[in-house]
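Down below are the structures I want you to see.
What follows is chain A paired twice: with chain B in the first complex and chain C in the second.
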Partner chain A sequence: MPSSYKPIFAVFRKEWLTESRTLSGITTTGLICFVSVVILNAITFTTKLNPLVAAGMYWMVLTFSAAISLPRTFLQEEEQGTADFWRLFATPEAVFWGKALFNITQMLIATVLMSVMFLIMLPVKLQNPIAFTLNGLAGAVAIASTSTLAGAIAAPASNRAALSTAISVPLLIFLINLGITGTATALGEGLKSGENGVIGMIAYAIATTTLGPVVYSKIWKS
Partner chain B sequence: MEKLSRWVLMLGMPLAIWHSYLVGDAAGFMNPEFARIFFWHFPFPIMATGLVSAGLWFSWKYLKTRDQAWDIRSQSAHEYAMLFILLTLASGVFFSKVQWGAWWQNDPRQVSFLLVSTVYIAYFVLRSAFPDPDKRAQNAAGYALAAFLPFLFLTFVFPRLPQVESFHPSETIMKGRLKGGYALVTVELMILVWILTAWVYKLRARSLLIAHKLENNYGSLESPRRSDVNAPVVRRLPNAPSDGESS
Partner chain C sequence: MYPVHNEDVILQVRGISKRFGPRWLFRGLDIDLEAGDCLIVTGKNGSGKSTLLKLLAGLERPTEGTLQNGFDNEQSNRSYCALDQAVFPALTVTEHLELAAQLRSQSPTPHSELLTQVGLQDHQNHQAQHLSSGLRSRLKIALAIQSQPKLLIWDEPGVALDEAGRELVAKVVKEQTQRGALILATNDPEERRFGTHALEL
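Take a look at the complex of A and B:
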C-alpha cells in the first residue's frame, strides 16, 4: 500500500471499529430503508406501480436515509470533542477520504439491501439489471460523498444534526433526478435517452467525490 | 461612474418601460398584451446566475485570504441572487397563468428554478446557524462551493435533457426569432436591470462592510441598555434624603 493511502485507511479503520461496537449507523440506515419499503408495500399492494413513480420512491428513501444517518461521522467528532485531535494529527484530505470511504461502504450495503427488498416487495419488473445496478451503485457513492461533505460543513454548528440534513437534501436534489431517470429506464419506462441518466450519475459521483476533499481542506482550520 | 449609472437608470428605466408598451402585441400568445412580462422575466435568471457565480468567486477568495470583506461580498451576492431567483419564479408563475392557463405548470424549467431556490435557502439557513462570524464565513463559503455543482446541473443541464419536454422555447434567441421592437426592448431592459443590480449590490455590500468596520472598532452597534443585566436598579424611598443632603 502506498504510504499516502495509510492515513486514509487509518481513519477508515477507526470509523469501522467505532461502528462495530454499536452498529448504530448501519442499523439506523437499514431500518429506515426497511420500514420505508414496508410502508411503500402497504400503500401500493393493490395497485400496479408506474416505473417512474417507483423510481422516485426508491431514490427518496435512499436520499433521506443517507441524509439522516451519514453525516454522523463528522457530527460525533464535534459532540465527543475529538475534532481537534484530527486537526492536530491528520491532513484534511485523509480525514475526509477516510470518513467518505466508510460512508460509501455503509451506503453501498444499504443500497444493495434496499434494492433487493424493493424488487421483491414492490410490484415492479426489472427490465435492465445492468443499468439498475450501475445507477444504484454510482448513486450510493455520490450520495455518500455529498452527505459526508454536508456533515463536515454543519458539524461546528450547535444544531448540527438538523442542519446537516437540511443542507444535504438540497445538494442531493439533482442526484435524485438523475437517479430517477436511470432507475425508471431500468424498470421499463420508455424515456428518451434514459440510459444517459446512468452515465450522468457516474459522472456526478466522480464530480462529488473529487469536490468533497477540496472543499473540506478549505474549511478544515477554524 | 456611480453618478452616471444613477442618471442612466433615472432616465433609461421610464423610457424603456414606456417603449415596452409602444411595441406591438406579440403573435402566437393566448394573452399577447401580457407577453410583455418576458422583458422582465428574461433578465432575472441571467442576473441570478451572474450573482451566484460572483458569490462563488467571493467565497473562494474568502477561503484563500480569510478576509471578512470577501464573505460580506459573498453574502451580498447570494442575497441578491436569491432575490432574482424569487423574481424569476414569481414572474414565471404569472406568465404561466396568463399564457398556459395554470399558476404552476410543472414545467421542467419552473421546477428546476424552484429546486435552485431550495439550494440557496439552505445557504442562508446555514449562515444563521453560526453566531461566530469566522465560522459562519468559513462554512458558508464551503457550502457555496459545494452548491455550485447542483446549481450548474439544475440550471443548464436538467432543462436540456432529451427526455425533458419544456414549454419554454429554447431557440427563440439563438435562432434570431426575437426581432424588431421586442428585441430592442429586451436588450434595453437587460442592460438597465444589469446596471440596477450592480448598483444595489454595491450599496448592500458597502453598508455591510461599514457595519462590520464599526463593530470591529466600537464593539456591538446595539445599545447595551436592554441587555445590561448587571446595571444596578436603585429605587429611592419617599422620605430618604437626596444625594448631597446631609442627615
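Take a look at the complex of A and C:
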C-alpha cells in the first residue's frame, strides 16, 4: 500500500463521480445479473434445484458480469485517451489501488442485489445464511480484484476488451470452484461449514491486490 | 529520468533517439535547459515534434539516450500540455483541478484565482464534455500550471485558442520562464519569438 492514501481516494472519487453520472458499470453488471436470473427463473420455475447446480448458476452469473464490466475502469482510459492523464499526475500504485477499491465497491453492491434476486426468484432454500453471505462478499472482493488486474494487464493491447475477458476467465476458475463449493454448502449441500472457501477467496483477493500494483507498475513503465 | 545535482539545471538530455519500425524519427539529440530558458521546437508535420515532447514528458520511452532532470517530484515539477491530451468527459472543471491536486498530494487550495487566470471562472461547474475545444485547452493549461512546475512542456500552445487565449499563452510563458524552463513545439511565428533557444527537427 502506498504511503499516502490521498491519491488512492482521489482515483476512487473520480471513478465514483464518473459512474454516478454515466451509470455504465452498474447498468452493465445489473442488467447481466437481472436478465440471467429472470432466464434461470423461467427455466427452473417448476423444478427443485440441486444446491450444487444452483451454486454453479449463481457464480456463473456473478463471474461473467464482473469479467465484462469491471475491467472497463482501465480499458476506457485507453479508449478515450485519458491514460496519459494518470501517467502525468499519478503513480501506478495509486491508480491501481483506487480503481480496485472502486471495482470492489461496485461488485459488493452488485453481489448483494444479485443475491437478493437469486434467493427470491429461484427455487432454492437457504440453510446457512451466514455462510452464504460471507461466501458471496468474499467472492465479490476476490472477483473484483482479479478482474481489475486483468483489465490493467489488457489495457495497453489493441484488442483489449477480448484480451481482458480471456485473461479473467483462467484467473477466476479457481475462485469459481471455491465459490460454488461454499455456496452449495450454504444452500444445503453437504455438512461442511464453508469456512475454507471463504478463507481461500480472501487469500486470493489479497494475492491479486498485492500483485496488481506490481504488475501494473511494470506495464506502466514499459 | 534521473535527477542531476546542479540547482541551475532543469533538464539534461543526451543522445536521445526515437525509432518507429525501420524509420528513425530523430537521432542523437542533446538538450540542456536551465532556469529562464525557453526552447522552441520547430519542424514540418511528421518530423517528430510531438513525439519528442512526449518523450521529455515521460509519456514515451526513447529508443536510445538518457534524460536527467534537476528536480525530484516529477508529478509536481514537470507539466505537459497538448492539444491531443484528453480530459475526463464526465468531470467538471473544478473536479479536474481537485483530482490533479489530490494526486500530487497537494494541500487543498481554492482554485478561483487559477480559474480566473485561464478564463474558466464561468465554467467551473461544467463537465468537460460540454466545453468547446478552446475552453478544454484552457482547462489543460490550468492543469499544467496548477502546481507551478519547474519545467513546462507545451505542444502547439495557441491552437484552438482565441485572441484572449493567445494573450494567456504569452502571460503563462513569461511567468514560466521566471519560475523555471519551458519547451514549446510550434510553427507559429508569434510563438517562436518567446524562445531563448531553438531546435529544428
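Assume the second predicted complex is superposed on the first by the 214 of 222 C-alpha atoms of A that agree within 3 Å, B and C clash if a C-alpha of one lies under 4 Å from a C-alpha of the other, contacts with A are read in each partner's own complex, and residues count from 1 in each chain.
Quick note on the criterion: a contact is a pair of C-beta atoms (placed from the backbone, for glycine too) under 8 Å apart; a residue touches a chain by one contact, two chains touch by 3 or more.
A quick note: this is a predicted structure, and the numbers were derived from the prediction, not measured.
Peer 1: After aligning the two structures on chain A, examine chain B and chain C and state clash or fit.
Peer 2: Aligned through their shared chain, the two binders fit side by side on chain A.
Peer 1: For A:Lys14, is the partner it touches chain B (first), chain C (second), both, or none of the two (neither)?
Peer 2: second
Peer 1: Here's one for you: vertex at chain A, rays to chain B and chain C, all C-alpha centres; what's the angle to the nearest 10 degrees?
Peer 2: Taking the centre of chain A as apex, the angle works out to 90 degrees.
Peer 1: With both complexes overlaid on chain A, does A:Phe89 touch chain B (first), chain C (second), both or neither?
Peer 2: second
Peer 1: Which chain, chain B or chain C, ends up touching more residues of chain A in the combined arrangement?
Peer 2: Partner touching more chain A residues in the overlay: B.
Peer 1: After superposition on the shared chain, which partner residues are touched by A:Ile39: those of chain B (first), chain C (second), both, or neither?
Peer 2: Neither: A:Ile39 stays clear of chain B and chain C.
Peer 1: If you take every C-alpha pair with one atom in chain B and one in chain C, what is the shortest distance in Å after superposing?
Peer 2: Once the two complexes are overlaid, chain B and chain C approach no closer than 7 Å between C-alpha atoms.
Peer 1: Just which bits of chain A does chain B share with chain C as contact spots?
Peer 2: Correct list for chain A: 222.
Peer 1: Which residues of chain B touch chain A once you look at their complex with the stated criterion?
Peer 2: 63, 115, 118-119, 121-122, 125-126, 129-130, 134-135, 138-139, 141-143, 145-147, 149-150, 153-154, 157-158, 161-163
Peer 1: So in the complex, the part of chain A that touches chain C is made up of which residues?
Peer 2: Interface residues on the chain A side: 4, 6-7, 9-11, 13-14, 17-18, 21-22, 80-82, 84-85, 87-91, 94, 222.
Peer 1: Okay, in this complex, where on chain C does chain A touch?
Peer 2: 57-59, 61, 75, 79-80, 84-91, 95, 98-100, 102-105, 127, 143
Peer 1: Which stretch or stretches of chain A touch chain B in the complex?
Peer 2: Within the complex, chain A touches chain B at residues 146, 149-150, 152-154, 156-159, 163, 166-167, 169-175, 177, 181, 191-194, 196, 200, 204, 207-208, 211-212, 214-216, 218-219, 222.
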